[in-house]
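Next come two complexes built around chain A: one with chain B, the other with chain C.
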Partner chain A sequence: MTFAGVDVGAQSIKLVILGDGDILYSRVSFTEEEGAIASQRLMEQALERLNLSFDDFSHAVATGVGRGTVPFADMQRSEQLCHARGAYWFFPSARTVLDIGAEGSRAMKLNDQGRVVDFAINSKCAAGSGAFLEAMTKIMEMPIGEMGMLAAGAKRKAKISSYCAVFAESEVISSIHRGVSKERIVAGIHESVVDRLIEILGKVGIREAIVVTGGVAKNIGIIKGLEGRVGLEMKVPPDPQLVGALGAALIARDVMSGKG
Partner chain B sequence: MATEFGRWVENRHEAVKEWKERNKKGVVGYFCCVVPEEIIYAAGLLPVRITGSSEKLEVADEHLVMYGCGFVRSCFDLAARGVYDYLDSVIVPNTCDLVARMEYWFRAARPRPSTILMGLQAHPYVFYLIYPEKVTSAGVPRYLLMQLRLLRQHLERLTDTYITDEMLSQAIEVYNEHYRLMEQLDELRKQDPPLVSGYEAWEAEFASLLMPKDEHNKLMKAYLQEVSNRKEKPKEGVRLFLSGSAMDQEAARLCQIIEESGGQVVAEDVSVGTSYYRGVALDTNKPPMEAIVERSLAVPCPRSTVDATLVNPWPERRWNYVKRTTKGHNIKGAIFYNLGYCECRGLELAHFKDKFREELDVPALLLSGDYTPQVLEETRGRIEAFIEMIGG
Partner chain C sequence: MMIVAGVDVGSRTTCALILGDGGIMSSSLISTGPQSAKTSRKAMKEALTRGNLTFDDVGYIVATGYGRVLVPFANKIITEISCHAKGANWYFPTVRTVLDMGGQDCKAIKVDGIGNHVNFAMNDKCAAGTGRFLEVMAEGLRLPLEDIGELSLQSENEVRVSSTCTVFAKSEVVSLMRRGIDKRDILAGLHEAIATRVYGLLRQVRVEADFAITGGIAKNIGVVRKLEEKVGLKALIPEEPQIVGALGAALIAKDNI
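On to the complex of A and B.
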């Protein structure tokens, strides 16, 4: 049997096709098209590659902010449930899952069976999300990956105290004018994001093992910053941005096998 | 009956004005559940709860700080724009800092002619009720009795009539019946699935804050009968407890969002709504003013504190009340909706969240709002996730 999970995020759409055993296909597509068209196209590409048709699918689950737009979804599930399910599949020891997406961050507390028992979400602004980091890359004129590497190796950090991306921009610019090194500034930027993430984690309570998912989990500066603050290892699955879609596909499989 | 409740709720200003015109009687607006409606009703006046609206603020920003509760800011904005001009008087208690300041702002925004006697306003439009902060100390009932006597005198001057003990006793009878009927509605919500949806129950409750209680009682009796005989039950959903600030006609949309997300509100503790009737009944064996004082002090408002020497001080008193409210309702989750800058409720939420988990094994979701429909709508994703988490 074949199952699909689609995660329609703020910046990208992710698709995971799951067989009875392992992942058959996965893809991330950065698009500005609306969710319905983009998810349909992504699915058609997957079907062509796998030589399958829509009829071959047992169940499809959509998640993400645009989950309501996916035309072929049989069911919708929240990001909290999907990221937790995906993270638990990679790491059955996961008890805390932190998903850092483009426009939202959320922490989930899991019980020993991998069920979500509590969650917390960032407030409705860019603080603590990928959007904040992306806004900063423009001022620093530096790709996000490079910024993360630089932050991870920084010995000292500039103080970026503003929650708000707009005010933080002013702080960064004034640090540049004062001649503060790029390394210290980017370290400060990353620490500002880590501060917000620690707040969210604190709301659900931290229990080992901690798994970080979402596109921002690829940023080494954030991961090192979190590890430094929490004092514990952050487990990052391969392709962390796909974990939500994978979780959705796993939920689709659970539903059909009567476990969901 | 539900339609009649809906008529008062949806067109509340028009409905009250129409009642006033038809009955040639005065209307008194008030803030907060600690104001004893019984005295206003006994004076032959219609007590009406002041609430805000989702309309864009036009005047409030000129006078009030931005970092204030959106509900009170909206109430003031409506008053300043003349929407509440049909009120003959306003009673403002010192419930929270912003509400307390409405004592000044309601007067300043729409000045009314007043007789000045020895430097004091003889017939003030606004009556400021200084309600005790602590509600359990020995001297508190005597103190509140003194305050309520002043309120009684204010209403007597307003109507040019003495409010006799007999008039108060008659009012008490009407209000005790009202509290009984509301408890009966609560019983119907204990059934699984509940016989009324959370929104429908809220509408019946909220209408009682706008219309005369005797009329509401008549409608409620027929309504309860109709509900008990209903063949069609409301949509089933995950049974939830809802607690929140200012659950007026704007914030009550939250009940609908919860229902649309697969939940069903079966019990609540909300400001503007249940919190005013979930006290004790008025004791008919006591002098009426003393009975009113006793009940007013028993209103479980989150702004009140208790004597620090008690074994179960705040917030245990509130927690015990919340726990009682959920009893028999078989709730599977609790949702707390707190308006930004509402310290009264905000300060107890984290405690309640832990208590729900520890004592009732029920998860809780904390939501915050700013009294705009947009932010209320944004809670949908969290509510859906919460209901999924519980297993809906």
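On to the complex of A and C.
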């Protein structure tokens, strides 16, 4: 049997196709198209590659901000549930899951069976999200990955006192003008994001193991910053941005096998 | 004659105002540069030149605003809350609630009959409800900032803008434009979002008549109309809403002599 999970995020759409055992296909597509068109195309490409038709699908679950737009979805599930499910599949020891997306972050507390028992979200404000880092790449004239590497190795940090991404932008510009080193500024930028993430984590409480998902989990500066502050290891699955879609596909499979 | 001055060093705009026995003698309004001390001196010089005065003519100077501690020639520094309350009372003695919408912050201030503030609520953590938000949106829509107020009033099909975060609202605006939505309808939606947000601040202090709006955003008629709708009162707008803080500072300077 085959199952599909689609995660329609703020910046990208992710698709995971699951068989009875492992992942059969996965794809991330950065698009500015509407969710309905983009998810349909992504699914058709997957079917062609796998030599399958829509009828071969047992169940499809959609998640993400645009989950309501996916035309072939049988069910919709929140990002909290999907990220938690995906993270638990990779790491059954997961008790805290932190998802850092392009336009929001969320922390989930899991019980020993992997069920979400509590969660906290910030999706109203760019502070502590990928959008904050994205805004800074323009000013620092550096790709996001390079910024993360530089921050991870920085010895000293510049203090970014603004909470708001827009105010932080001006603060960063004036630091550049004052001649503060790029390394220190970038470290300060990452610390600001880490501060916000610690606030969200604090709302659900931290229990080991901690799994970090979402596109920003690929940023080594953020991961090292979190580890420094929490004093615990952050587990990052391969392709962390796919975890929501994977979780959706897993939930589709759980439902069909009567476990959902 | 007693001559005093008030200098309001805001995050975006700096104002110097000279006050004589007969009222406002002159004022200046310039962009705040990277060095607040330099900017404050330049604003002061401009105001003095306009009033045909020299530094020695001025008996007392009060500085206010975000960069108030950096004004080298100030005799005293006072918070902008006190100054806005005083300035608004000078323009409108009946005013009891002042909403100051500045470049990077927004404050709701309750005022008594002699211009003392009795209560206030403030947002200086987030760009929503500040001039900065509107600047970023005008830029995204490729419209001059001074035109967006009037344009929004021409909207016939207002769209809902769900974000008040400047960063998220900007991407929302871009995607609305891509969908071919009229810029005027987007503007109306943006002004609605901002007014809703700022109204939350006003509710914290409980609005009482009369109601006045000061600061640069008071020049945006679109935001003013939306706020009037929510508050249920007509807003009093000073002739020059950006000088109210400096005026209040000058009035306090006068009291100090």
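The definition used in the following text is that the second predicted complex is superposed on the first by the 259 of 260 C-alpha atoms of A that agree within 3 Å, B and C clash if a C-alpha of one lies under 4 Å from a C-alpha of the other, contacts with A are read in each partner's own complex, and residues count from 1 in each chain.
Following the convention adopted for this analysis, a contact is a pair of C-beta atoms (placed from the backbone, for glycine too) under 8 Å apart; a residue touches a chain by one contact, two chains touch by 3 or more.
All values reported here derive from a predicted model rather than from experimental measurement.
After superposition onto chain A, the modelled positions of chain B and chain C overlap sterically.
Contact with chain B, but none with chain C, is seen for A:77 once the two complexes are overlaid on the shared chain.
In the overlay built on the shared chain, the residue A:65 is in contact with chain B alone; chain C does not reach it. In the superposed model, A:174 lies in contact with chain C only, and not with chain B. Once chain A of one complex is fitted onto chain A of the other, the partner contacts of A:103 are limited to chain C, with no touch recorded for chain B. In the superposition on chain A, A:3 contacts neither chain B nor chain C. In the superposed pair of complexes, A:117 makes contact with chain B only, with no contact to chain C. In the three-chain model built by superposing on chain A, chain C overlaps with chain B at stretch 61-69, while the rest of 7-15, 25-33, 61-69 or 241-249 show no clash. The intersection of chain A residues touching chain B with those touching chain C, taken from the two complexes, comprises 124. Note for the complex: chain C touches chain A at residues 34, 104, 125-127, 132-133, 136, 163-168, 171, 175, 178.
Those residues of chain A that touch chain B in the complex are listed here as 65, 77-81, 115-119, 121, 124. Taken together, the chain B residues at the contact with chain A in this complex read 363, 375, 378, 381-382, 384-386, 388-389.
Contacts from chain A toward chain C in the complex involve residues 10, 32, 103, 124-126, 131-132, 135, 163-167, 174, 177.
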